[in-house]
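Below: one structure in structure tokens.
So that you can tell them apart, the chains are marked A, B, C, D and E in the order they are listed, and the count of residues begins at 1 in each.
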Amino acid sequence: MHRPMTTETFKLGYNDIHDDVIRSIVKTGPKYYIALATAGGTTLLCFFFPWFYQLYYGIGAAGMNHPGVWGTYLASFIFWIGLSHSGTLLSCVLHLTNSSWRKAMYRSAEAMTLFSLVVAATYVMVHVGRPWFIHWAVPYPNQMELWPNFRSPLMFDVMAIATYITGSTIFIYMGSIPDFAAVRDRTSGWRNTMYTLLSLGWRGTDKEWHRLHWAYTFLAVLIIPLAVSVHSIVSWDFAMSIVPSLHQTIFAPYFVVGAIYSGTAGIVTVMFVLRKSMGFEQYITKLHFDNLGKLLLVLSLIWTYINGVELFTAWYSGTSEEYEALNYKLFGYYSWLYWEMIIFCAVLPMLMFSTRFRTSFVPMLILSIAINIGMYTERFLIIATSLSRQYLPDAWGTYVPSPVEISIMLGSFALFTTLFLVFVKIFPSVSMYEVKETMATPKMEPAAPAAGSPA
Amino acid sequence: MNISIVPALKVLRPAAMLVIVVLVGLVLGYWANATFVPGYSPEQPIAFSHKIHAGDNEIPCLYCHTQARRSPSAGVPAVSKCVGCHLEVATEKPQIRLLMSYWENREPIPWIKVHDLPDFVHFTHKRHVLANIECQTCHGPVETMDRITVSSRAVNGSAQVGKPWKMGLCLNCHRENEVVNGTDCWTCHK
Amino acid sequence: MPNIDRREFLKLVGAGGVSVGAGFMLREANKDPREYLIPHVLAPEDSSSGLSTWYNSVCSMCPAGCGISVRTYEGRAKKIEGNPSHPVSQGRLCSLGQAGLQALYNPDRLTAPMRRTGAGDSASFEEITWEQGLKQVGDRLDLLRAARRGNRVAFLTEGVRGHLAQLFESFMRQLGSPRLLHYDFDHPHTLYAANQQFFGENHLPYYDLQNTRLLLSFGADYLNNWISPVHHSLGFGESRHGRPDIRGRFVQIEPRMSMSGAAADEWIAAKPGTEGILALGLAHHIVAEGNYSGADRGAWVTALADYTPAAVAEQTGVPPTTITRLADSFVDTAPSLAIGGGAAGNHSNGVDTLVAVNVLNYLVGNIGQEGGLVFNPAPAGPALQQHRATYSTMLELAEAARQGEIDVLIINGTNPVFTLPPTAEFAQALAQIPLVVSLSSFLDETAALADVILPSHTYLESWGDDFPEPGVGFSVGAVSQPVVSPLYNTRGTGDIILDLARRMGSAEVMPWNSMEEFLKYGWRRIYQRGDPETLAQGFDAFWTSVLKAGAWGETSSGNTAFTLNPDVIAGIGVAPPEFSGSEEDYPFILHPYLSPNLHDGRGANLPWMQELPDPMTSVVYGSWVEINPETAEQMGLTEGDLVDIQSPHGQLQVPVYIYPAIMPNVVAMPIGQGHREYGRYAKDRGVNPIEILSPQIEPITGNLATSATRVSVTATGKRVKLVKTGGTSRDLGRDIVQTTGGLGVEVTSAADNSIPITEVTT
Amino acid sequence: MTSNVVGLFHDPESALTAAGQLKGAGFESLEIMSPVPIHGVEEVLGKKKSVIKNFTFMGALIGGISGFALAAGTAIAWPHPVGGRPIITMPPFLIITYELTILFGILATVLGFFISSRLPAFRNRVYVPESAVDKFVVTAPCDDAEHFKRAEAILNDAGAEQVREIGGSDL
Amino acid sequence: MSLFSRFMDGWRKYRKPGYYDEFDYHWTMTIDLDKCTGCEACVTACQAENNIPIVGEEEIAKGREMQWIRVERYWEGEYPNAKLSFIPMMCQHCDAAPCETVCPVGATYHNQDGLNTQIYNRCIGTRACAVYCPYEVRYFNYYDHEWDSPLEQQLNPEVTVRGKGVMEKCTFCIQRIREAKDVAKDDDRRRVQDGDVQPACVQSCPSKALVFGDRKDTESQVYQSMNDPRNYRVLDELNTDSSVFYLKKVDA
């Protein structure tokens, strides 16, 4: 399909969108079930089974050790939190700036946020030694009269992520109400019941649209600073320690940029898959890839810059602690991962200077996956290299992930996929009403719809 | 055409009611067990009655639980201590005969622990006894019990039979009496 | 209220009922599991629930004889600490001593008497009763004794002191057998011989580290396992910072830095086996400089004429300036002390070397001085040095066994199959003996070859006593009492021997029913040495007080007026060491040393000791070979490379550890691992360097010169991960261990300090 | 009994025109149902004011106060000194405050949305399913048949594709 | 109202740092590096006293050793001038401890004896404290440790056996301090006197390199020792304000 890349030239009617989107929900082929079964089975086998083994045996099932008490679980946690910064944050920013190209993709981007957060929150449970007492990190009145320690960066995390999950859920739900109403009218049986309840009796009156618009805008205003705070706080889990190469002021912006970077790359991946699998070629176009590509490129440059600054300050400090940590990062046990990260996240994205690259679907998919591999590596290295080279050389050590950890890491992708597969069958994965908004409104003369938006 | 969510709610009603009934049932069952099943009050190998000994005969607690004054653990009297009296007293009662059979076989009596604190708690009887805290403050009206039932001290200071000790209850007493370092975790947790 | 039809209502009622039940059961399942309060039948006298009871006893984990206090709680031993009133340990205790608990509670202890069935590889042990076991052994002994062939019985024991030793001797005398051997791998035979030769004393003097200001240690790892490490550590600490404005200085001379070398202010690498030559070099300088003015100066000048600094430097590899500096400060810094032992005493010239060390003490007048070397009085208890078995004695025993001269061998505690090199063929000799009886508590390599095992108590369950050797300058003794009731169906060694004595018809001569009884009998003599006040209180009071205090001592002193036998002087001299194997084929000298944690291997079955990082390398659970960094670089070896260590008598494969403080032509290996038996923690772990030692003998004592083997090192190309707890043992300028030039400390002149120990030729 | 007149339009302009005319004709409580928000409704049906921003503001305010109270209050309830810091440590507590400000702001916004848009609908309301797809619908309650006729005429004039009568809603 | 007034009371009281002056005791240890021989008797003493598990060879190979007190070794120079220094390293009981702030559930905090506590039963195992600790003296229970029977009979009843998922570290032998306070109370003494209590490591140290006591008691041995001109604190530049003072090695 080669369409010129402007929104105005959608040659589709409202009906077509309706049909396409609702078909994607209601009509379910065997391919979907195979995919769901595969993802679900993999989740069970690679995520829950090793996790339950770990619950039974102890964190020792993972590879963590004495200096390296944190490992891939936390790296995955940051990764998923980072991935979550794609959707809602991007969606909010684009909503407030009225970017119309956002509209075809934001629903799935927000879903990505939500499910990334769910996976990240699950990782908290996987990470801690005694998840059965995790509720102690939640403030609630109890007979012990004990409360969490709100001075801990980890508590900031608990509060921020709880808020973020709540906010993202509400945001994606609010945006979907009109679409639920649309689906409601086309379905029957249990689906009708479900969508009736989900749409809350939405009718699309002028008043409802008005209220929705304002509520949505306020939410967007609230969520942008929230999202920035969430990843800053995640960075503070590290930066508030005094571990050489973790104790850095630049960490908060570094993490936020990294999060948006990997999140945007994640969107590209998801867009590609949705486009292919759900038949959304008309809605997700080269325009989207082009715009996302530009964004990715900018983020890549900022990320590279911050990385360079980090290296420079460590080198310039001249202290043995910082210097050894730097040396270890660049040339130590994990150095091949470091250089892999640099190639994937700083060098390869330079290809996006080319418009042709940005508008090619498959190369963009490959690059987006490479960027996320690189970004995962980045999170892993932040933890592994820093903890391996701390203040007392005689306590230095190396951490190597165990099969259980790697399995859980892979399984978390399956978990995410499973959740996403369920999502596409419940939520209209393209926002119908917003896509309709971008299209030419029907004109007085039914037979001759003209180009241009309504006055 | 009219629309509202009521029909959908109606469709869901049976399911919703089932969920509600199950949840209420679970809570009710849990609560009923906690409230009406008398607290942990197991049948002991010998039906030793604190009511007869401490209540009717007014034997002081520390006569048998001699350790309480000088050791973290109050201690259970050795079988020889029981026999010391019961060679003379009430020798014909069946429970005393049971006691004597333990004694003659030189076997200890496997008493079942009723007041049991977790292993991570350091509780010392000695300090509490020396602070002149009545045994009943923590163990309830033992002198009225034929069979020992777990009990604790409620927040209002009264004995609550059937409810085991909880950290909050210890803490409450420590706060009320302004115990030195009484709210330091390491005072009680080891 | 909406209508509910009957069916739905019933459904709801059913669901409600089930969930109430589920909730009820949930609460039920959440209740704590039942626990029991098991009272005593009879209230015990000396323990009360919830309170600890401490018992004083004596440590038997090594021959130092430290007094210990054991904390017991409800009948179980919980912790071993040093006994503060015991003059040897003074409340302190080393790791191995503290790990004695794990000997008591070792999961691999022998729990009942056993008899071997089958032969060869299919051999296994079956459990028997004590009566069966004792009868089998007792009958045989009775038969031999009746036939006046008691000399066909041999008794091999670890070095024991006190009344147990006396009991063994009486027992063997009843049999009429001279074959009573006290064998310990690490017994310092050469030190005894050297002291006998120089001082005419047959027991060791007291080395007063506490008051010394300069200690020269020739190879003796006094802080780790030389004679009495805990006591030496106490002295070391006191000497360093126990006196106002005086800080003791410590110099260590050895080819591979030991723990004592690390603690010392100066570590000097002399070529292996030349420590005695170095000592005589120092002596030469002292005499030559006129710092010795005794009447026999002339004789010394003659005797030491060959040991000029230049000549000594040539032989030892120590620069002449260092020699003269050391000699001068040894004279100037009185009181000073020179000690020798360890590897220095385990060369072909061991006795001469240690005599040479004594010469130093003699020349500067350290003998009998505070801060020097003080003679001990004769031990108050039985002292039976004459039964100390050297390597040669063991060879004789093995030979006798092969000749069929031994019918019964009783083995107590010692593990010669592990601690003798295979060239001694001791295991094969055991196979020739019709009845080998082991009294071991563990199935070690030797016990595994026994025909009957009569497992003895561990020292925490049995009666005994000890008179530390060397003493602390006055008479000390202590009684070892059981602190817990026996865990298993085992018996005290003394009780077993007494029982066997009865069975062979010696009840009249050895009438005691138990070791406790025998001990009391023996201690009655010590009681009679007491002052009138003690005597007035009676023996029982005395006995109780000894048990309570955990130590007994009296103000006595050894020989104070020492005069040197002039004949000795002429015999002074140290020959160059002899090594087995040619330098071409075997370019390295093997320096085996006792593992700081496992001692001679006896600690290998204690998990704490296995898991305790080696102090110098932090390696746990294994063996390694230490190689100089430069040598390793030349050979292309890094840590973890597996190398073959080949001696003329064997070969071992072991990973490399790059050790910064070892001479380039020396490789060092710890002794202690490489057990083939001895329980789950010890078995099949690491290698035993004793296995490749050449049978090189120190001629005067007949002891094995353990440091006299040459080896070659070849890389195998294989690598293993050396399991260790440490990371990078370099400070990297982070100033973690900070040093200061000295505070209240006498610093030798700057010029002295600046002299580097220049290249050591190899 | 009231009924509602419902006119279905193909395009928003016609619908808006019809709504304007109905309003001019004295019809009240007009509603325009559309598949997308349409521009220009306010010019026709009058300015809308939403109370959501008040909810958001109050929610954020309450969230901020309760966030700080939670952090400081629990610290005072059982003071546990950590790291040599004061028991009431401003910087971290302000972060908690910040997060709870946003959380409560979000929740209050949703509440405000529900209240101001009168959702969820617990009573029957007039609805035309086509409006969710591609039709623009104008509805007005009619008291009687005459009313309805008038409205029908106006709607038809404005170009309604279809005019329906829908039974009165409960509201 | 009372809740509010309680809040205001606390508000007035707790806004400033510096609660050190209010410590009942201020337990302190000094370690004379010039006396330390590296013999590791302290390590075994600690293992025995505090029920520290045996983890086994495989676990140590994975880097999961358990030693509340460990002896670190630092080489200096090359052969033949190589020198080796030992430094015992355990929880420094910092008065400004980085580990305390990070625990989300308050399982580690500073008590009024100047001790850095670790409440095992409150720990949820985030391991953040171990990351934040610059001395790396916090050890995590990666699984439930088992003692080969009958080794479990040796376990100290006064110390909890830590289960999986729990962080643990040196407590300055809190059980001994608790007992000493108990004894002091019995004797009608109001305070624990110098020498009444020694942690297992101090008790066992053969060269008496370790000294322990109450810093508030200016007569105490530890007070004298920590004011020795040789005193320094490891990583003092991090401002952890630790309670373990080292005495410099003398290079003479």
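Here is the rule we use: contacts are C-beta pairs under 8 Å (C-beta built on N, C-alpha and C of every residue); 3 or more make two chains touch, one makes a residue touch a chain.
Values in this document were obtained by computation on a predicted structure and should not be read as measured data.
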For chain B and chain C, chains touching each: A, E
Relative to chain A, chain with the most remote C-alpha centre: C
Closest chain to global C-alpha mean, per-chain Cα centroids: E
Farthest chain (mean CA position) relative to chain E: D
Between the pairs B-E and B-D, the one where more C-beta pairs touch: B-E
Whole-Å gap between the CA centroids of chain A and chain B: 52
Chain C and chain D: spacing of chain centres that average the CA atoms, whole Å: 87
Where chain A and chain C are represented by their mean Cα positions, the distance between them in whole Å: 63
Interchain centroid distance [CA atoms averaged], chain D/chain E, Å: 61
Of all residues in chain A, the ones touching two or more other chains: 67, 145-149, 151-153, 155, 200-201, 203, 391-395, 397
Shared interface positions of chain C, touching two or more other chains: 618, 726, 729-731, 736
Residues of chain B touching at least two other chains: 3-5
All chain pairs that touch each other: A-B, A-C, A-D, A-E, B-C, B-D, B-E, C-E, D-E
Interface residues, chain A side, partner chain D - complex: 13-15, 18, 139, 145-153, 155-156, 159-160, 162-163, 166-167, 170, 174, 177-178, 181-182, 184-185, 200-215, 218-219, 222-223, 225-226, 229, 233, 432-434, 436-437, 441-444, 446, 454-455
Chain B to chain D touching residues, read off their complex: 1-6, 183
Footprint of chain A on chain E - complex, ascending: 59, 62-65, 70, 72-74, 89, 98, 101-106, 109, 122-128, 130-132, 134-136, 138-144, 164-167, 235, 238
Footprint of chain D on chain E - complex, ascending: 6-7, 9-11, 13-20, 94-101, 103, 106, 108-110, 241
Touch list for chain D against partner chain B, complex: 78, 120-129, 166-167, 169-170
